[in-house]
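Before anything else, here is the set of structures, which you'll find just below.
Here subunit A shows up in two complexes: once beside subunit B, once beside subunit C.
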Partner chain A sequence: MGRPGFVLEVDERTPALLVNEGEGARLERFPLGTRVIYPPDSLPGIRDVRAAIRHALLHPHGDDPLPALLRPGMRLTVVFDDISLPLPQMRTPDMRQLVIEQVLEYAAAAGVDDVELLAANALHRRMTAAELRRTVGDRVFRSFFPGHLKNHDAEDRANLTEVGTTRHGEVVEINRRAAESDLIVYVNITLTGMSGGSKSVAVGLASYRSLRHHHNVHTLRHSRSFNDPPKSAMHHSYDRMAGVLADNVRVFTVESTVNGDSYPPQVGFMNRREWEWSAADQASYLAFRKLNGMAPAKLRRQMWQRSYAPYGITGVHAGAPADVHPYTLAAVHRQQLTEVDGQSDIGVWGLPFICPYNVNSVMNPVLVMSLGLGYLFNLYRNKPIVRQGGVGIFYHPMPAEFHPVHHPSYIDFYESVLSRTKDPALIEEKYEEQFATDPWYTHLYRTSHAYHGVHPLYMWYWGAHALQHLGDVIFVGADRGAAARLGFRTASTLGDALEMARETVGSSPSITYHHSPPLALADVR
Partner chain B sequence: MRRRGEGVRAGLRLLAHGRDLRGRARVPRSAEQWEEPAEPGRFPTAWARTPVAGAVRYGLQRGLLKPTTWTVVAPQVEGVERLDGLRGPVVFVANHASHLDTPLILGALPPRFARRIAVGAAADYFFDTPWRAALTALALNGFPVERRGGRRLKSLAPELVADGWHLLLFPEGTRSADGWMNRVRAGSAHLCCGYGIPAVPVAVRGSYAAMPRGRGWPVPGRPRVSVRFGDPLLPGPDENAWDFNARLSTAVARLWNEEELGWYGSLRDAREAAVARPAGPAKAGSWRRAWEASRPLPKRHRGPLPEDDA
Partner chain C sequence: MSQALEYYRSPARYLAARGLAAAGAGGGRLAGAVAGSVSPLRLVDRPAVRSGAPGMVRLRPLLSGICGSDLALLGGHASPYLTALASTPFVPGHEIVAETLEEAPGLPAGSRVVVDPVLPCAARDTPVCAECRAGRQNRCGHITAGALRAGLQTGFCADTGGGWSRSALAHVSQLHVVPEGLPDRQAVLVEPLACAVHAVRRAAVAPGASVLVVGAGTVGLLTVLALREFTAAGPVYVVAKHAHQRALAEALGATETLAPRHVARTLRMLTGGSLEHPDLGGDFLLGGVDVGFDCTGGAAGLDTALRTVRAGGTVVMSGMPSGAVDLAPVWFRELHLVGTYASAAGLPGGADARQDVPGPDFPEALRLAGRVAALAGFVDAVYPLSRWREAIGHALAAGRLGSVKVAFDPNRG
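Moving on, here comes the complex of A and B:
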C-alpha cells in the first residue's frame, strides 16, 4: 500500500521543488514555511486488466450482466470519451480499446449487427482518423471506420433529438442515434472527480442547446468545486439530465480509473518527491532541462505531446451510471485526495503542458487560463486552498500562440472580446450567442477539426469561480502582452511574484503550493 | 522552458541545494512520518567472499588500511592472547563510537581471524548506493545489517556462520553520539545461542576522541586508542539469549573499564551489566558527557586513576 497524500512544510532541509511551466519544468526554492500538497503515492495498477473488464461486464452494479442485455436485431451504440481524457494521453493499448473490444466480443457472440461507435466529443473538435485509431485500436477501427465509427456532431440538427426537459426547464438534447438505441454502452476513463457518471452521456453527446444550461457563469460560480460533484451546481444539472435520459434510454456504463503514473519512465522524476530523487533522477532532470531548452519549439511540443503516460488501471466498474459512479469516485479519491488544514493567503500552481483541449495541439492563453484558474484551482473539496481575496500565482510562459485549425474562434475571442472585457458574466451576456451561432465556426466544427465557436467562452467561464474568489492573479514567466490581455499581472521570478502579492495579502502571507501532476485533490478542512 | 540566462551551472547549484555530495537530500521534517523504511539492502556480497576478493581485501587491509590507521592514531592492543586456541566461527562484539573502530579491530586481529571475518555494516548507510556498497564489501567484507528490526541479520549472518566466517558486530546499532556506550542489543547473543558459537567481547577506547561522528579524518597529534579483547564467552546449555546478552554486555563494560581501573580493578567492580555499562557521568548535561568522552586517552597507560578523576 502506498503512502497517503500529505502536506509538506518547507524547511531548511527541503531541496528545490519541481514546478511545471507549460512545455518545461523548473526547480524552485520556496520560502520556509510554504506548504506543499503532494498526492498519495501512485496506486498499483490491476495486473490483468482484460480479466478485470470481463469481470466488470459480467458482474455489473445495478444492472444485468452485459451479455444478457444483448440480442440479435437490437441497436447498440458504443460511446467513448474523446481525446480530452486521460491527460496526458495514455500509452497504447488505450483502456477504451480494451473495453470496447470486450463489449464487441459479447455483441458479436449475441449476434448484434447494428452497432455504431461514437466519440463523445460534445463541442470539442472532431478526432482525426489517426486519433480514433489510437483510441479504439486497429481491429475496431478497421471493422467500423468510417461508416460506423464517428465523432458526435452537436450541430447536425437531423441527428439530434430532444429527449425531454428537466424539472428546472433544462432541455436534454442528445445524439439521435444514441437516443434511439436499445442500449448505449458508455466507455469512460475518469481522471478527476468531474468526469464520468451523469456527465458522460448528458454532456458528451449533447448539443449547444442542452449544454448551455450548465456550461454558464452562474453554474460554474456555484460549483465549489466542480471536482466535488455533491457541491457542484454543474453536476446537479448533469444529474437532472441523466434522470431524464434514464427514463428514455438504457445506458450501461463502463468506468475505469487510472493511477498517478502521469509521466513515462525517462522523466520519472516528475512522479517522485524531490528529496527522494535518486542520482539517476537528478541526471535525467538535468538532461531533460538541457534537451528541452535546446530543442526547437516544434520538436519540443512533439516530445511533450508524445510522452504517453504509463497509467495503471486502479478500477473498472460497469452497470447503471448512478450505481457505478460512487465506486469510480472512491477510486479517484484513493489516488488523489489529500487533507489540507485550512486555507492560505497565496496559492501557487505550476501549469503542465497539457489540458483537455490542446491534445496534439497548442495551449493558447485562453486555455492556460482555463487550466490554471479552472481545472487546477478547482482541484479541491470544501474550500479552495486560497482564502477569499487571496492571490493565485501560476507558472506558465503563456505564449500568444494559437492552433489555427483547432482553435479558430479562440483567436477572435482573444483579439476581439478580451480586449474589451474580462468579465465572464458580461462576456456571456454580450458575446455567447454570437460565437455559438456563427456559421463559419459551426462549419469549421462540423467539417474540419475546430472546437465549437462557443468553446473559448466556456473556457473563460471555467475560471469564473477563481476570478471571483481571488484578489489577484500573477503569472510567473508569462508573456507580458498575453497575460495583460487576460487581465493578469506577470512576474519574472517567484520572489517578484510574492513581492507583488504582498500588496494584496500583507507582508507575511501563508503560501500553499499545489504540487501536480500527478494530481492531488485538496480536501481543505 | 529554459529561463534566459540560466546556465548549466546555475541549474546544478539549484539541484544541489539541500543535497549532500552524493546527491541525497535529507527528508524534510514534515515528511519524515511518511517515509517508507528503506528497502532492505539487496546488494549482493557473495562475490566479496570469494578467494580472489579475499586476497585483494587482505592485501588492502594489511597493506593500506592498517598502516594508515596505525599512522594517524597510536593503537594499543591488549588481550590478543585470549584468542589463542579459539576455533570455529566466532562473533566479535564491540562497542562503537567511530568509523575508526572497524579498521582498528581488523588491524588488531591475528591473521587467521582477519582473513576470514565479515563485518556487519548498516544497510541503510553502507549499502545505500552501489559504489559505497561495493567498497564496503570489498575492503571490509561488509554485509548489510538492518538496524531497524530488518531481516538481514537473521538471514545472512547465520549463513556466514554456517560457512565458517567469523563476524564482527556492533550491537549498539550505531556509532555513539556522545562517546559513551548505548544499550547492547540482543541480536548477537541470539546468534551465539542459536548456533552455539562463542562471542568475544571487544572494547575500543579513545576512538571517539580521535575521530567522532562528523569527522572524516582523525584529529592531528596521533591520539592514543586502545583495543581490548576479552575472554571468549560461550552460551551455557540452558542459557537464553537475554541472559547471555547481559553477560556479554558486562564483559564489554569490564573491558571498557580496564582503561581506567586496570584488569584486576575492573574484575573487582561487582556491578552487573545494567549498572556496569559505561553510560557516562550520571545526571550530567549532554555537553559534559561528550566533553568527558572526547578527552584524549593518556599517551601511555598508567594504571588506575585517582578516585576523584575516575
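Moving on, here comes the complex of A and C:
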C-alpha cells in the first residue's frame, strides 16, 4: 500500500525542492512555512494488462459484454483518444493499442467486417502516420491505415451529422461515420479528472459548431474546477450532450487510468520526494542538469519529447459511459487526490515541458499560459489553492517560439490579438468567429497538421477562471517580452517574485507550492 | 560668397559611407550618424549662384528638408543609374521654401515660393520634348541637355544650387507662390506632398480597394493623406515602426497600422488568402491587398509590398529604389509595377487619365498643406547648415527619435 498524498511544511531540514521549468528543472529553496502538495505514492500498475482488458470487456458496467454487442454486418467504429493524452507520451505498447487489438479480435471473431478507426482529435491537429502507428501499434496500423484508420475531421461538412440538441439548446454535431455506426467503442486514457466520461465522444468527435457551447469563457469561468466534473459547467454541458448521444448512438467505452510514473528511470528522481533521493538520484539530477544545460536546444527538445513515461495501468473499466466513469474518477483520485487545509496567499507551480498541445512540438507562450493558469491552476477540488486576489507564481522560460506547422493561428493570436487585449470575454466576442472560420486555418487544419484556427482562443479561455481569480501573475525566468505580451510580470528568482507579490498580498504571505509531476489534485478544505 | 553644403565626387568616401550605413542597417545605432560624417558632403563658402538665362530666378532658401533620397545618396545607397543624371559638385536640397531675390514675370521680388525641383525643358532652354509638351515634365527627356548641366532635379545639378545653401537658382516655371498664412514649416512639405499626390494618381486606386503603405516616414504619411484626399480607397494599412508614426498614420486616415515584423501574416488576417513560406526569403501571400505603396525606397520595403499584393494588383514604387529585390512575384502574380517619380505639372486643361495627362500636383499639394492640421508638427527639428552632421544623424534616426521631417534653415547660425 503506497503512502497517501500529503502536504509538507517547509522547515530547516527540508532540502531544496524540484521545480519544473519547461525543458529544464531546478532545485529551489522555499521560505520556511511554505506548504508543498505531494500526490500519493505512485500506485502499483496492473501486472497483466491484457487480462485486465479482457476482463473489462467481458464484465462491463451497465452494458452487455462486448462480444454480445458484435454481429456480422454491423458498422463498428473504434474511436481512441488522440496524442494529447497521456502526458508525457507513454512507453509502447500504448494502452490504446492493447485495447484496440482486443476489441478487433472480438470483432473479427464475431464476423464484423465494417470497422473504422478514428482518432478523436476534435479541433486538435491531425496525428501523423508515425504518431498513429505508435498509438495503435504496427499490426493495427498496417491493417487499417490509411483507408480505415483516420483522424476525425471537424471541418468536413459532408462527414458531420447533427445528432440532436440539448434542452439548453446546445447542438450535438459529431462525426457522421461514428453517429451512423451500430456501435462506437471509445478507447480512452484518463490522466486527470477532466477527461473521459461524457467528454470522450461529445468532444473528441465534435465540430466547432458543437464545441462552442462549452468551450467558451462563460463556461470556463463557471467550471471550478474543470477537473472536478460535478462542479464544472463544462462537464454539465458534456453530460447534456452525452444524454442526447445516448438516445441516438450506442457507445461502449473503455477507460483506463495510469499511475504517477511520469518519467523514465534515468530521471526517476522526478517521480520521488526530494528528501528520499538516494545518492544515485542525486547523481542523476546533477548529470541531468549538466547534460540538459549543455545540449543544443533542438537536441534538448528531442530528449524531453522522447522521454516516454513508464506508466503503470491502475484500472481498466468498460461499458456504458455513465456507468464506467465513476470508477475511472475514483482511480484518478486514488492516485492524485491530496487533502489541503485551506487556501494560501500565493500559489507556486513549476510548469513542465509538456502540455496536451505540444506533443512532438513547441510549447509556445499561449500554451504556457493555458498549462499554468488553465491545467495546473485547475488541479483542485472545492477551492483553488490560492485565495481570491492572491498571487500565482509560475516557472517557465516562455520563449516566444512557435511551431509554424502545428500552431499557425497561435502566431496570429499572439501577434495580432494579444497585442490589443488580454480580456478573454472581449477576445471571444471580437475575434472568435474570425479565427474559427478563417479558410486558411481551416485548410491547414484539414490538410496539414495544424490546430484549428480557434484553438489558441480556447487555450486563452482555459485560463479565464485563473485570470479572474488571481490578483497578480508572475513568471519566474520567463522571457520578458513574451510575458508582457500575455499580460504577466516576470522575475529572475523566486525571491524577486515574492518581493513583487508583496504589493498584492502583503509582507508575510502564506505560500503553497503545488509540486508536480506526478500530478496532485488538491482537495482544498 | 554664400555658405552651402556641397556634395562632391569621392569614391573613397562614398564606399566608406556605404559600408558604415550597411553596418547601421544591421543594428549599430551610431553607424547612421557616422555615415553622415564620412559621406562626401562638406560645408563650403562658394560664390552665390548667378542667373542670366531667361526665366531663371535667384532664390534665398528659407527652409529646406532632408529627404530620404538625400539620405540614400549620403549613405551610398542611391542607385548608380542616377549618377549620369547628376553633375558634381552640387548642393543638395530639393524640398525648398524660399524667397525670390529678383523679379520675374508675374512674380515680384521677395515672393515666398516653394520649388518644384524638376528641371525640365523650360528650365534648360531646350526645345520642348514630347513629355514636357504633354504635361509630364517629371519625365523630361532633356534632363542632361541644354543650358544647365545634368541634374534630374534642383539639388542634384551643379548649376542651380540647392536648398542646403543660402543661394539657389530656379526657373520661374518651377516656382509656386506660398499663400500668406502657410508657415514655412508646412510649406517645406509641399514638395514631398506633391510627390505623394502624384504617386496616388499614378496608382489609379479603385473605389473600395485595399491599400498597403509600407513605411511611415514623410513619404508614407503623406501618401496616406493623399490616398484619403484623392481616392475612395477602402482600408489603408500602414507599416509603421514607431509609436508616433502609428499615431500620425491613424490621424491621417490609416485604417490600421502594422508592425514591420509580421506584415504578411497580419495582412493575411485582414484580407484573407493564405500565407506561404518559401525556403528562403520572407513569407508571402496568396491573396493580399489590391495596391501596395513602397514608401521606404529600401529593398525590404519593396519586397514587402511585392509579397503582400494580390495577384493582378499594383505595386507603386514611391521611394527612390535601392538594393536588389526578388521580382518573382511580379511575374508569378502578374503584378503591375508602377514607378512614380517627383510630380507632374500637367496641362492647362487639367488631368486626363485616358490621355495619360497628369493633374497639376503642386497646386493640389499647396492646397492640402494649408488645410491639414496634422502637418503642422511634421517639421520638428531645424538645424543651421553648420550643424549638418547632427542634422543628418537626426534625419537618419528620425523614426527612432520621434521626428518626421528634419530641415535646414540656411540663414541660421
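Rule of thumb we're sticking to: the second predicted complex is superposed on the first by the 525 of 525 C-alpha atoms of A that agree within 3 Å, B and C clash if a C-alpha of one lies under 4 Å from a C-alpha of the other, contacts with A are read in each partner's own complex, and residues count from 1 in each chain.
Quick note on the criterion: contacts are C-beta pairs under 8 Å (C-beta built on N, C-alpha and C of every residue); 3 or more make two chains touch, one makes a residue touch a chain.
Not measured: the values here are computed from a predicted model.
**Student:** Superposed on subunit A, are subunit B and subunit C clashing or fitting side by side?
**Tutor:** Partners fit side by side after overlay.
**Student:** Under the stated touch criterion, which partner chain does A:V10 make contact with: subunit B (first), subunit C (second), both, or neither?
**Tutor:** A:V10: touches subunit B, not subunit C.
**Student:** After the superposition, just quote the angle formed at subunit A by subunit B and subunit C, using C-alpha centres and rounding to the nearest 10°.
**Tutor:** Result: 120 degrees, to the nearest ten.
**Student:** Does the superposition put A:D341 against subunit B (first), subunit C (second), both, or neither?
**Tutor:** neither
**Student:** After superposition on the shared chain, which partner residues are touched by A:E23: those of subunit B (first), subunit C (second), both, or neither?
**Tutor:** first
**Student:** After superposition on the shared chain, which partner residues are touched by A:D412: those of subunit B (first), subunit C (second), both, or neither?
**Tutor:** A:D412: touches subunit C, not subunit B.
**Student:** After superposition on the shared chain, which partner residues are touched by A:H443: those of subunit B (first), subunit C (second), both, or neither?
**Tutor:** Touch status of A:H443: second partner only.
**Student:** Which chain makes contact with more of the residues of subunit A, subunit B or else subunit C?
**Tutor:** Of subunit B and subunit C, more residues of subunit A lie in contact with B.
**Student:** Check whether A:W275 is in contact with subunit B, with subunit C, with both or with neither, and answer first, second, both or neither.
**Tutor:** Only subunit B; A:W275 stays clear of subunit C.
**Student:** Based on the superposed arrangement, let me know which partner A:G293 touches: subunit B (first), subunit C (second), both, or neither?
**Tutor:** Touch partner of A:G293: subunit B, not subunit C.
**Student:** For the overlay built on chain A, what is the smallest gap between any CA atom of subunit B and any CA atom of subunit C, in Å?
**Tutor:** Between subunit B and subunit C, the shortest C-alpha distance works out to 25 Å.
**Student:** Identify the overlap between the subunit B-contacting and the subunit C-contacting residues of subunit A.
**Tutor:** Correct list for subunit A: none, the interfaces share no residue.
**Student:** What does subunit A use to touch subunit C in their complex?
**Tutor:** Those residues of subunit A that touch subunit C are 404, 408, 411-412, 415-416, 434, 438-440, 443.
**Student:** For subunit B, which residues count as touching subunit A in their complex?
**Tutor:** Listed in rising order, the residues are 1-3, 8, 11-12, 14-15, 17-19, 22-23, 25-31, 34, 36, 129.
**Student:** Enumerate the contact residues on subunit C facing subunit A in the complex.
**Tutor:** Where subunit C meets subunit A, its residues are 259, 261-262, 265-266, 268-269, 272-275, 277.
**Student:** In the complex of these two chains, what residues of subunit A are touching subunit B?
**Tutor:** 3-4, 6-16, 21-24, 26-27, 29, 273-279, 282, 285-286, 289-290, 292-293, 397, 477
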